Amino acid sequence: MDQDLATIVRETATEMALAPVRGRVADYIPELAKLSDRHFGMVVITADGAEFAAGDADLPFSIQSISKVFALVEAMASHGEALWQRVGREPSGGAFNSIVQLEAEGGKPRNPFINPGAIAVTDLITDGDDPRAGAGRILRLLRQLSGNGGIAMDGAVAYSEAATGHRNAALAHFMKAHKVLSGNVEATLSAYFHQCAIAMSCRDLARAGRFLMNDGVDPASGQRVVSAEQARRINALMLTCGHYDASGDFAFSVGLPAKSGVGGGILASVPGRASIAVWSPGLSPQGNSLLGTRALERLASATGWSVFNPNR
Amino acid sequence: MDQDLATIVRETATEMALAPVRGRVADYIPELAKLSDRHFGMVVITADGAEFAAGDADLPFSIQSISKVFALVEAMASHGEALWQRVGREPSGGAFNSIVQLEAEGGKPRNPFINPGAIAVTDLITDGDDPRAGAGRILRLLRQLSGNGGIAMDGAVAYSEAATGHRNAALAHFMKAHKVLSGNVEATLSAYFHQCAIAMSCRDLARAGRFLMNDGVDPASGQRVVSAEQARRINALMLTCGHYDASGDFAFSVGLPAKSGVGGGILASVPGRASIAVWSPGLSPQGNSLLGTRALERLASATGWSVFNPNR
Amino acid sequence: MDQDLATIVRETATEMALAPVRGRVADYIPELAKLSDRHFGMVVITADGAEFAAGDADLPFSIQSISKVFALVEAMASHGEALWQRVGREPSGGAFNSIVQLEAEGGKPRNPFINPGAIAVTDLITDGDDPRAGAGRILRLLRQLSGNGGIAMDGAVAYSEAATGHRNAALAHFMKAHKVLSGNVEATLSAYFHQCAIAMSCRDLARAGRFLMNDGVDPASGQRVVSAEQARRINALMLTCGHYDASGDFAFSVGLPAKSGVGGGILASVPGRASIAVWSPGLSPQGNSLLGTRALERLASATGWSVFNPNR
Amino acid sequence: MDQDLATIVRETATEMALAPVRGRVADYIPELAKLSDRHFGMVVITADGAEFAAGDADLPFSIQSISKVFALVEAMASHGEALWQRVGREPSGGAFNSIVQLEAEGGKPRNPFINPGAIAVTDLITDGDDPRAGAGRILRLLRQLSGNGGIAMDGAVAYSEAATGHRNAALAHFMKAHKVLSGNVEATLSAYFHQCAIAMSCRDLARAGRFLMNDGVDPASGQRVVSAEQARRINALMLTCGHYDASGDFAFSVGLPAKSGVGGGILASVPGRASIAVWSPGLSPQGNSLLGTRALERLASATGWSVFNPNR
């Protein structure tokens, strides 16, 4: 299989490199808009530790919403079940930045992977008024899990997000009005913009996500990141809510827990089998990487990897 | 494990029999309101064909929305991919009978498991104006898969549904106005009310659902019901949309594809491992069996059955 | 002024006859779609009984939603204040046939001039299961107030409405599910489709509306139609809700109580001064007569007629 | 009539002083929550300049949203028709601070009297980044029209509003994200909080509103404040949108253009007849003065003042 997997990864990358329709690069932040849509990178790490890489596997990109998975890990560690008083666990049925649901439901966001939910999670892990606290915790976790101490935030991206982030500011103030946020709104937003601006490669990301396929234990270090139950729950949330209002379609077509970001990255896990990261900046209308999704669909189909496969 | 499983099923049933809080029996249909909330039944059929039953395992109940899974099977067989032009594959984020989303999205329902989506599916399999056609196909399928030719529709329940089904009539007329339904509205509604009124036991239901754990092949007869890909997709839809606006919570807490009905039944599948049916008439506020959900949570926890378990 | 008024009416009609942009004739009913957009008619009846007519003043057209004013008169007469338990008095902020608000507000429609509100009013005046009862009362009232016993329903239009009226059927079933309707849904819908299909001319309509400018007394017969307070309230509802989600704009631009219909007619009242009917089949995107609105704007501007004019 | 009017005003005030149910004093701002619900004040100024006062007619209170009328006057003066590109003229059908509509309609608020609309208007008249500019223009206008140079902003109230105004901040950031606001968000919000904190008495307010009954000319000074057409349009907006989602009910019951504020004040105009200000801090669930509304209803009924009265 490993030989096969190498072929599958290589062929998938070749196919994606040639794809004529590549989606639309996010343009709401000048720093992201500069990217070429030609990029495609992919890394698969299997349970036995083998790594299969192709394309721009080592080029850092802005992980954006993928940071929400690791913010959730931090909040689970420090707040346990109390976390769920601030944020729900249901698919929202709406866009990633919709404010309608907040108004209808007393300011409590549906899940930790839509923007308001992620801001509420970041508020929890940003103790006090220091915006560096929250984003700093996430950065340290990512460095440790990937083994790459050089991972950093892209200051220009963070600055751009803050300057254009009025919609996220609206979400944060709205939740503050409903007492769903406890910290200072500006500090929480700054932390959120900084965590989204973390830049890392597919290789770093696939490594950082290994605990997700391994019931919460990082196979590289043997250290437990979250409990087995928490790991399964994070996977469940990624499957039901990881692709905004295209989550159902992703579960239907790919069948794997995954989280996307508008930088074009997707982190996916195959419980017991593999940790996967893909990157291609062109997005679908729902804001998920177009070729990244297609690559995962192809990989899942070729390998039979699906949480719904009885012979997995 | 089999010995263990027998114990787990027996103990779960005993625990549920004693539970003081039992949910609220559906009262919108007089026929359903008559049921005692004391009932609890459970059947687990493993991949090797062993059956573990407890409680009211052989008492027929109204399967209601669980019929939507089998209607979907029929529509997949007869309409293939064209089916998805009429109905989506996304969690709705709303209640099972909400009409708001239809207005916002041109009359196309979000998925086949909310009421409007199921009505659209039934419309597809109800050729012409004969209401018996659609419900009849579902009934034949259930008899064949369960091996019980005595399964029947409960006429009193169907009549009650029709008499009180103004909300479903509103959904159907709304979709007809948007040309999402092609048949006669009254015939489609009648077929829908009849399929919901099919009565069968946990044992029949667990048997009928065996193809879901087995990539689409009925292990009893060896016959293919749907393709492997279709079986995985049905499981994906059950996981993301099977419990209305509590689907995310169910995936989070139980981690298995499942479909509930307001009659108090739930059909769950563990790919590669088991087909499960539980029944208890008391419902949660979202309309899912309270003790049925709790029993599945306990069973999943005791067995480790979860699509997110790496060692499954 | 009367001489002036004759000139104003004649010049307005001439201007409208030549207008190049004429709106879009309603096409959801075949019978209405047949109409030419060249038609324009106008009749103004002043408090002293003088009539000023121009264009197609005597050509009957389908009054459609204008019938809602007279249905309201009937319901006020027979149900008094109890009427307001079934329907509200607020602008809806949405389209004439929106169902969203019903879901959010327990099935109670916002006001008697949006479709669900009008259906609820018609349900009240349709005693028992005889659809002819409700529409018949409205027809008799219109014949009496206009002095034209020849006013009739257009059967082809009523049939067309029923055949294509799935959206209205959805609204009616939805309200029935919430017990806002008490009668048989089909009977109420039939009555509603028939009242909308009443055909009459601008002259008939302006005559029928004279009680609105005269505190509830028909100046022709001296008979009281509604109390003075009720007449003022109907005018208030026409001003705030008479043009669906363009009501605010109409109040802003014209400043008169008025009710429009998708047949292209508008009935307006100038308390103490005049009753006005205009007709031109081309509609604005909100479903109000484009030239009818413009004619009223011109007339109001030339005469100074506005409920907000201090010197009126 | 004048003698009668004195009696009506005096008796109305006496009746309101004794009313057992007085509504609920706004408690979202500590400064407003301190007020006793026993207050009631009323001033009527007729077209001939006579003033009729009763109760706490000369006690200053926080005008809050009534300031929106005067902000609109300023924006009409400086921006003319261009103003309507930023804000609509339709009743919203929702609460005063709802954000749902903004999301559905591209960030453009429905009318200038709901919070987002008022913030958009204040943004227009707050040139540059100086928050004092916008609120200062409104203050100067109110001093001039009332003839009371002592009218001032209540700093404690403005500070309280800013500290608790996260919901308004959410609205402002949301509109900024849609480019409906052009200025600095913090400056616009500060201006808005300051204009709402202007304190003045019923006498000052009734005097400041005299131009509304007089086609735009201040009868005291003979100076034109807005054009006759603009005055009628402001009256139309007050009638259709002046009481949030109770505007329809107010038009139905009272029949006069009026604007309320959560401080308990209401400014009403009777075109050609009178300018009226009432004040009582207890509010209805929709946020309008309970006794203020009842007093206006009683006054309108006793005097026959209604824009729908043919003999007005």
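Note that the chains are named A, B, C and D in the order they appear, and that numbering of residues resets to 1 at the start of each chain.
Operating definition for what follows: a residue touches a chain if its C-beta (ideal position, glycine included) is under 8 Å from a C-beta of that chain, and two chains touch if they have at least 3 such contacts.
All values reported here derive from a predicted model rather than from experimental measurement.
> Hey, what chains does chain B share as contacts with chain D?
Intersection of chain B and chain D contact lists gives A, C.
> So if I superpose chain A on chain D by CA, what angle comes out, to the nearest 5°?
In short, 180 degrees.
> Taking the mean of the C-alpha atoms as each chain's centre, how many Å separate chain A from chain D?
48
> Distance from the CA centroid of chain A to that of chain B, rounded to the nearest Å?
Computed from C-alpha means, the inter-chain centre distance equals 32 Å.
> Counting only Cα atoms for the centres, state how far chain A is from chain C in Å.
Distance between chain centres: 55 Å.
> Could you list the positions in chain C whose residues touch two or more of the other chains?
None at all.
> Quick one: which chain pairs are touching?
So, checking each combination of chains, I get A-B, A-D, B-C, C-D as the touching pairs.
> What residues on chain B touch chain C, complex-wise?
Checking each residue of chain B against chain C gives 98-100, 102-104, 166-167, 169-174, 176-177, 185.
> Which residues of chain B touch chain A once you look at their complex with the stated criterion?
47, 88-94, 101, 110-111, 213-215, 231-233, 235-237, 239-241, 245-249, 251-252, 255, 257, 271-273, 306-312
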